[in-house]
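One chain, subunit A, appears in both complexes that follow, with subunit B as partner in the first and subunit C in the second.
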Partner chain A sequence: MSTQIQANKTLDCKGLACPMPIVKTKKAMDQMHPGEVIEVQATDKGSLADIQGWAKNTGHQYLGTITEGEVLKHYLRKSSPDETKEEKKYPITVTTDELEQKLKAGDKTTVLDVREPAEYAFQRIPGAKSIPLSELENRLHELNPEDDIHVVCRTGNRSDMACQLLADKGFKNVKNVVSGISGWTGPVDRTH
Partner chain B sequence: MSTKVAIIASNGGLFDAYKVFNIATASAATDAEVGIFFTFEGLNLIHKQAHHQLPLPAGREHFAEGFKNANIPSIPELVAMAQEMGVKIIACQMTMDVMNLTREDFIEGIEVGGAVTFLDFAKDANVTLAF
Partner chain C sequence: MATATRLSPMTAGELTRLVLGQEEMFILDVRNESDFNDWKIEGKRMEVINVPYFDLLDGVDAALDRIPDGKKVLVVCAKEGSSKFVAEQLVQAGQTNVFYLEGGMRSWSEHLEPVKIGDLHDGGSIYQFVRIGKGCLSYMIISGGEAAVVDAVRMTNVFEDFAKQHGAQIVHTIDTHLHADHISGGRKLADETGANYWLPPKDAHDVTFDYSKLESGQTIAIGNTTIQIQPVYSPGHTIGSTSLIVNDRYLLTGDILFIESIGRPDLAGKAEDWVGDLRETLYSRYKELSEDLIALPAHFGKLSELGAGGKVSARLSDLYGSNPGLNIEDETKFRRVVTEKLPPQPNAYQEIRQTNMGKIQPAEEEQREMEIGPNRCAVHDR
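After this line comes the complex of A and B, so read on.
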């Protein structure tokens, strides 16, 4: 099964040499909102390393790259200034290790991944269900309020908000997985 | 808190220009604060006329085609991009005096200063480069 990678914006940098793909990515990213995903199409082979270095230094999130013939499609997500800081407002949390042990033991639980579809496509916990945070409120019917639900995102921040939302809506057994995918050392699935 | 990059440009060829402006624009695009001090032949890189026709090293003239084929932006384009992203350009007053040049001989939007002007910028830089 193939998951289509969704991007809010596509930037054409094909045929451009260093440093143009980076310069154009920066300019495009400045016009975007936090949380949005950009697809940068480039033919400059150096852009594969450059885009990752750029993301690391600017705090934006590099999701991954798909190669289609000569074209490299880089996916990046714009971060908001405060999201790399982990906030714990929802009181019930588990660590990624605890979740990994639970899944390994075969305990029945739903892993809910509230990141964007593009993030989910590149790396996810096997069996995780994808509902982006922005869609959660309209898709509550896909979840059972009685179920044991572990909510994950990248760092534990969006999942914290999701846990609060679910608790407000009467979900009884919701846990926030702190440190999220960034702290996950167990097996992963990916579409690409 | 951002990264600060201080560059000295003291050579006036096309290769030198690309080294300087590629690093400068890439740094600026990565949210770094960038300042370049142009001194001696490096002044060519921001001279109104000269920066449009910078020489390739002797015996390397055939690279002109390579630049074209690889779709490399021109030096004036890179300079404009650098300035648009806030790269600070400082021309060396002492060299200008030696070469009998004035501010009017250079592109718009530059600063003119002495060694201390650059040192003041570079003293807390994270990256310092000389080309």
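After this line comes the complex of A and C, so read on.
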């Protein structure tokens, strides 16, 4: 299955040898907003391990890599300083284990994934619906305010904001999945 | 060497001589952590640290803090680009005596250092080619204007140039077994020089090319038959593994016996089947040979296996005293040691075997990639 992965910016590093792909990626990331996704196209095979290492050491989120012929497409999401801060305000939370039990038992619930489409493409809870946090307000009509909704993101912060937004808009049964996909040990789906 | 205020390149050959000369140096390896942990340059008096270049994009202070005063500094990366990038910044920051490794770890992996092992009676000589970055050892036996090359690596021009310098024509190339850790240069070298290519037939079931059968009972002569090369069937690392006795003095052990370890039996997927052969070869067949033979392996795994001038060799009787792989009395224990908790397999070893069988023909660049990393042919490698 092949679907286009959305990125806010595409960076061409084809034909460049190390260190240039990382140097250019860093420069481009410095100009981007937190939460945005960059696609880095490179032909240097060494760029794969290096971009993973760089992302790990800088705190940016490495999403995944797609190989198309000679070209490696790396996807990264720029992290924001406040993502690491604990500012959860939405009171109703469940753990990833509780959600996993619930899905296993076949209970009817909507899993709403508010991460970026690129994050969703590489790893998601099976059956989850994708609406990025930035689009949620304009796409509320796709959801039913009466439904039981579990909101999930990577670590529980964006989903916290999404829960608050949904509660404000009159959604009655919304729960924030704390620790998010990063704490999820159940089955996953992926497009790539 | 004078204190340099500018950045200078260092070749893999220059680095080799510093390692063999046990010189002091500080090495800053700027590759990513996993590549570094997998494989790095070592030297008895060399301090080696890892700070990835991508942690130094905003400045090199983090690396500068760790460089001891007054030491020569060599910056190393995979190919060269990142090491220059970092090294230039070190120089700008006032660091002196800064070098980068020309061609990076790739050149390090490909460098061959010829070392003379000794003279043969009737005027011949035997040389060892130490591929120091990867731990491969090839051999050239020269006599009366003719040469035989054993376990040649793919940098065949080095052997051709060396033979030419010594006024010899390469007439035989021999592989002691089908290699899994590096791409053999034996067949290529034979093609280029018109030599005869020898391979043990039991390792050659699936090969796509013609070769001469390397089998016990037959001798290979060079230089008007003054030098005799006797094959000795010694299975265990592979089913065909064959050792060579040169002039009743040198025992080329291939990947069966190393200086501080023994060959692993698992690289062709037959560990269980070949354990018995390995034991038989090491604990009986070799014991029947003269204990004064000088063992010359096809690999080394540790720096401590290098002797004077980089030479890797030992008397067979000494190995029976010191090599842990030759001193496991209990057969069950032996079986465990050589089949359990083995080191990781060499990078791309299956593709390398396919290449050596002639089944695939990767481009040179791909061959380089396939050979990245240490050889890991011994049970005690890590």
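What we mean here is this: the second predicted complex is superposed on the first by the 186 of 192 C-alpha atoms of A that agree within 3 Å, B and C clash if a C-alpha of one lies under 4 Å from a C-alpha of the other, contacts with A are read in each partner's own complex, and residues count from 1 in each chain.
In this text, a residue touches a chain if its C-beta (ideal position, glycine included) is under 8 Å from a C-beta of that chain, and two chains touch if they have at least 3 such contacts.
Worth saying up front: this structure is predicted, and the values here are computed from it rather than measured.
K.L.:
After the subunit A overlay, clash or fit between subunit B and subunit C?
P.N.:
Subunit B/subunit C on subunit A - steric clash.
K.L.:
For A:23, using the defined touch cut-off, is the partner it touches subunit B, subunit C, both, or neither? Pick first, second, both or neither.
P.N.:
Both partners, subunit B and subunit C.
K.L.:
In the superposed arrangement, which partner chain does A:140 touch: subunit B (first), subunit C (second), both, or neither?
P.N.:
neither
K.L.:
So in the superposed three-chain picture, is A:15 touching just subunit B, just subunit C, both, or none of them (first/second/both/neither)?
P.N.:
So A:15 only meets subunit B here.
K.L.:
Mind working out whether A:66 is in touch with subunit B, subunit C, both or neither, as first, second, both or neither?
P.N.:
A:66 sits against neither subunit B nor subunit C.
K.L.:
Just checking: does A:45 make contact with subunit B only, subunit C only, both, or neither of them? Give me first, second, both or neither.
P.N.:
A:45 contacts subunit C only, not subunit B.
K.L.:
On the A-aligned overlay, A:32 touches which partner chain: subunit B = first, subunit C = second, or both, or neither?
P.N.:
neither
K.L.:
Scan A:167 for contacts with subunit B and subunit C and give back first, second, both or neither.
P.N.:
neither
K.L.:
Taking the options 9-17, 63-71 or 99-107, which segment of subunit B carries the C-alpha atoms that clash with subunit C in the overlay?
P.N.:
Only 9-17 shows clashing C-alpha atoms.
K.L.:
Would you tell me the residues on subunit A in contact with subunit B in one complex that are also in contact with subunit C in the other?
P.N.:
17-20, 22-23, 26, 50, 53-54, 57
K.L.:
Which subunit A residues qualify as touching subunit B in the complex?
P.N.:
15-20, 22-23, 25-27, 50, 53-54, 57-58
K.L.:
Mind listing the subunit A positions that touch subunit C in their complex?
P.N.:
My answer: residues 17-20, 22-23, 26, 45-46, 49-50, 52-54, 57.
K.L.:
Taking the complex as given, what residues does subunit C use to touch subunit A?
P.N.:
Touching subunit A from subunit C are residues 32-35, 52-55, 57, 77-79, 81-82, 85, 369.
K.L.:
Give every residue of subunit B touching subunit A within the complex, in rising order.
P.N.:
Touch list, subunit B to subunit A: 3, 22, 25-26, 29-32, 70-73, 81, 85.
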